[in-house]
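You will see two complexes here that share chain A, one where it goes with chain B and one where it goes with chain C.
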Partner chain A sequence: MWWASLYNESIKILAKPRSYLGFLAITLLVGVILLALALDGESYLDFVTGSLEQNLMIEGSMLNGHLVGFIVLQMLVVHLPLLVALVTGDLISGEAAMGTLRNLVTRPLSRRSLLLSKYGAAAVYTMVLLIWLGLMAVGVAQWIFGPGDLAVLSGEGLQILPSVEVMPRFLQAFALAFLALYTVAAISVTFSCLADNSIGPIVGTMALIMVFTLIGTLDVPLFEHVRPFLFTTHMAAWRSLFLDPTPWSDILFSIGVLTVHCVALMGFGLHYFDRKDILT
Partner chain B sequence: MKNTQRISVGLMLSFGFFAVMKADANAWNFPFCDVRYEENYGGNELLDNDLQKDAERLMEKLASRLAGLRDLQATVHVQADVPRVKVRPLTAEMFFLAPNRFRIRSPRLALLPRQNPMELFEFLKGPQNYRALAMGQEKVRNQVCLVVNVLPLDGGGDWQLIRLWIHSETARIYRAEMTRRNLGTVEAGYFYGSNSRTVPGSNIHQDLPDSLLFELDASMMKLPKALTADLHRSNSQAGTVAVRPLGAPDGKARVAMGFRWNSVNNGAAARFFGAQKQD
Partner chain C sequence: MAHPIIEAQGLVKAYGSFKAVDDLSFALKEGSVMGFLGPNGAGKSTTLRMLVDLIRPVSGNLRLFGLDYHRHRGRILSRIGCLIEKPDFYKYLGALQNLELLGRASGIRQPRTKAMEMLEFVGLRGREKDAVSSFSHGMRQRLGLAQCLMHDPDLIILDEPGTGLDPQGIVDMREMILKLNRDQGKTILLSSHHLPEVEAVATHLVVMNRGRCLVQGSASDLLSQQNRQIRLEVDQVKEALECVSSLLSRDQYRLGEGGVLHLSLSRDKLPALIKTLVERGIAVYAVESRQQLEDFYMLILHQNNQE
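== the complex of A and B ==
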């Protein structure tokens, strides 16, 4: 029954035009970035390696598909939460706004199973969106620029990862990025349970991300103890997978924090939706 | 009375002594220095002459040996130690075709010194391009080496000054300090093993180094902070001191290159560059 409901919810997402906005936006943005890097990528890299190349020579091309994929991911992962919230924030509140939620909960499926299938559909949508981003960012970039060693800039400086190690790291990074984005999806679906229109959950999710990001970036001692437990602190944890050596303890902590957020939000959502007085 | 006489005699003697000393000093101090200068100069001249002859002999030996290096191909293992840059060692192929065709074919991104390892050899091949001056003797890795300053005769050229530490017997370069207009000062250590080869059809021996260690100034190397800053990592996590694989001191970068010479003057590099030209 739950699988059938998940299938139905996924079809409903597919049927909504707004679901394709994310794919369109990603295609356009990645296209623009790839074009810009293909035309002027070398000068962009000169800015990074200029002082290094005063005394040293870099043999081989730094501008390759792996680096371009990494740059694209870095630029777009910031914007993906909005694209995710745009669809997942509408899953319950959209039904309430259209007046179909009451009919929906009259089905033999329990409210919990119904909401779980909504959370499941949100996960499917997030995953498909990320796969599309991966295909565009890494796949197309590799096709245009070719493979090569990945030069990553981080707080530790410049790290050069051998080409053979990059793809497994990308896969792991996408898995971690999925968890981070699913946390956003879980927030917007949970907010969606609380509202009867779609705008509130979408704007509320983005507002929460902004507030948490601000708290995370403000270097105030008051927030020092809170910062590690905010989900926004771990939204870019996927980048750590490109460090050498990989800081697995940090990554496991990020996975833990994000999982706790997902479970807590889904728990609250299920508890609330189970008792919600549905009037529309 | 006796005491007064003694004191006055004493005073007179003292004055007399100081007067003589002063006059004497005026009389022979400078000539003495001149003599010393002459002696030293003469001695040094003698010493320098020996050293200078040694230097010229060694440079001649070195140049004739290097002249035989025309076409080289080697497998090269590269390890770079650059501040705030982490790059793993890699193995690549090196081709050199005299006078100036040099290429490292690497399957991966490699950080190499701007000055290629053969440029010094190529410069030293032409004794008409420089003047060698012996500067003394020093020990490098427990080997007695002659320190030779190589002054390029073309003042406006790229090479400004080369200081070489050359083994007194084998004429192998053990250390080099090269100052170039475009690249600044680069130090290089030359390490030798069993790579003594004879050029086919001649008696020329080439002592190719087993490995080279370049050391260059990295104090001006900076990475843009806007790009390296990681907002999602706290200060305690980011910016940890990286391990320097070659133990380069602060502000310095080192690049080590280990060679396995596969082909000497067998046309491998000519074939490689020829094929490249056709491509």
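== the complex of A and C ==
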């Protein structure tokens, strides 16, 4: 029954026009960035590496598909939570607002299975959105600019990753980015259980991200102990996978924090939804 | 002997200090059609929502098909079809897709075949691919009935199924309800403000007000206990009125338009009254006796509101 419910949820997401907004937005944004880098990418790189040129002489061009893909990801991953919340925040509350939640809850499928299928559908949507971003950012960039070594600026300076090592790191980075974005999806689906309108969970999710990001960036001693445990602190942990040597202990900690967030949110959502009076 | 399909004992549902349903007990037997009546805010919809686990009672005991909701929720809901309030569907999907989706959620193995069968039953065959957003209210109501019947339930709960339907739609809905009950043996719980619709199909009645059950029982028993409404046409209205006033109390008669007397009295007292009128030389042109659910319902509510 759970699979049938997951299938139903996927059909609904596919049929809703708003589901395609994310794909459209990614296509447009990536298109604009690729066009800009294709036309004037060298100037952009000169600007970024300008401070290094006093100590370092760079021969040839660093501009290649891998670097462009990395730049695109850095620019866009921060926008993805909104696109994810736009669809996943509507999964329960949208049904409540439409009145269709009554039809679903009065079926033999348990409320927990129903909600788990919503969390499952949110995972599928987040995954597909990320795959699309990956195809656009890395795939199309490679097609236009060709492969090459990846130059990454880190706190310790400029690191060059050989071309053959880059693609496995992209795959790992996408897996970690998925976990970070799924945490956002879990928040918005859980908020969606609490509300009976579509807008509330989407705005609530974005507000929470903003508040946590603010706490994470404010240099206040009070927040120092909290900061490592906020999911927003680990949203960009995927970038560490391009460092050499890879800081695996930091990455494992990030995976732990994000997983605990997901499990706790889903646990709360299941507990709440199982007892909720459906009044719409 | 018919088994009870619904057994509700002392159900209470409160929102803060307000009790939407207060110590409600009733039973519904297999194969019957129960009319669930009451004014707005009586607690009918809250009760119906409790029956399909949309909301949970704060206290009381609710058993359906002899099973407890806490342990057998899935088994109970697999035997109930319901149309609560208005029929809502995914407007961006077609009628067939909507039914297929709900069929899958009910565990039906071949939802498309069953959905087409149901669309045929409710007269929507040929419109299966049209988006629900293009449907009229009556068509959505029919689709609501189709989704309710998708998994061949034993108990059908209908909340205001006639709302927004034109006269032909109301007749069709009534015919469908009767067909489901008589031909397929479905037990039906029908909540409606449209009393003639309920009167035409109900074998049992429950009347609620302020969250409580005022009366319940067989429709024929309940209605026969009440005074009948008599419409009397005579030639000497003044004399007839004097005669009636000597036999009945003031609240049992009134003079209507065109000199027609309206009386409220039990069936067994009517022959004696007619005899007296005739003996006094008053010609009786017409006697119309009726026992309507509406009269019964209004009387019950009137009595309850005066308490």
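One rule holds in what follows: the second predicted complex is superposed on the first by the 273 of 280 C-alpha atoms of A that agree within 3 Å, B and C clash if a C-alpha of one lies under 4 Å from a C-alpha of the other, contacts with A are read in each partner's own complex, and residues count from 1 in each chain.
Here, a contact is a pair of C-beta atoms (placed from the backbone, for glycine too) under 8 Å apart; a residue touches a chain by one contact, two chains touch by 3 or more.
Everything numeric in this text was worked out from a predicted model, so none of it was measured.
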Superposed partners chain B and chain C on chain A - clash or fit: fit
Of the two partner chains, chain B (first) and chain C (second), which one does A:H234 touch, if any: first, second, both, or neither? first
Which chain makes contact with more of the residues of chain A, chain B or else chain C? B
Check the residue A:A4 against both partner chains and state whether it touches chain B (first), chain C (second), both, or neither. second
With chain A at the apex, the angle to the CA centres of chain B and chain C, rounded to a multiple of 10 degrees, reads 180
Touching partner for A:A15 - first (chain B), second (chain C), both, neither: second
Answer with first, second, both or neither: which of chain B and chain C does A:L109 touch in the superposed model? second
Classify the contacts of A:A38 with the two partner chains as first (chain B alone), second (chain C alone), both, or neither. neither
Should A:S163 be classified as contacting the first partner (chain B), the second (chain C), both, or neither? first
Per the contact definition in the header, classify A:T217: touching chain B only (first), chain C only (second), both, or neither. first
Please work out how little space separates the C-alpha atoms of chain B and chain C at their nearest point after superposition, in whole Å. 41
The shared contact residues of chain A with chain B and chain C are none
In the complex of these two chains, what residues of chain A are touching chain C? 1, 4-5, 7-8, 11-12, 15-17, 98-100, 102-110, 275, 277-279
Any idea which chain B residues touch chain A in the complex? 80, 82-88, 92, 104, 106, 108-114, 183-184, 216-218, 220-224, 227-234, 237-240, 242, 253, 255
Could you list, by residue number, the parts of chain C that touch chain A in their complex? 49, 52-56, 73-75, 77-78, 80, 82, 84-86, 88-93, 97, 101-102, 104-107, 147, 151
Within their complex, state which residues of chain A touch chain B. 47-48, 51-52, 54-62, 148-149, 151, 153-160, 162-163, 216-217, 227-228, 233-237, 239-240, 244, 247, 250
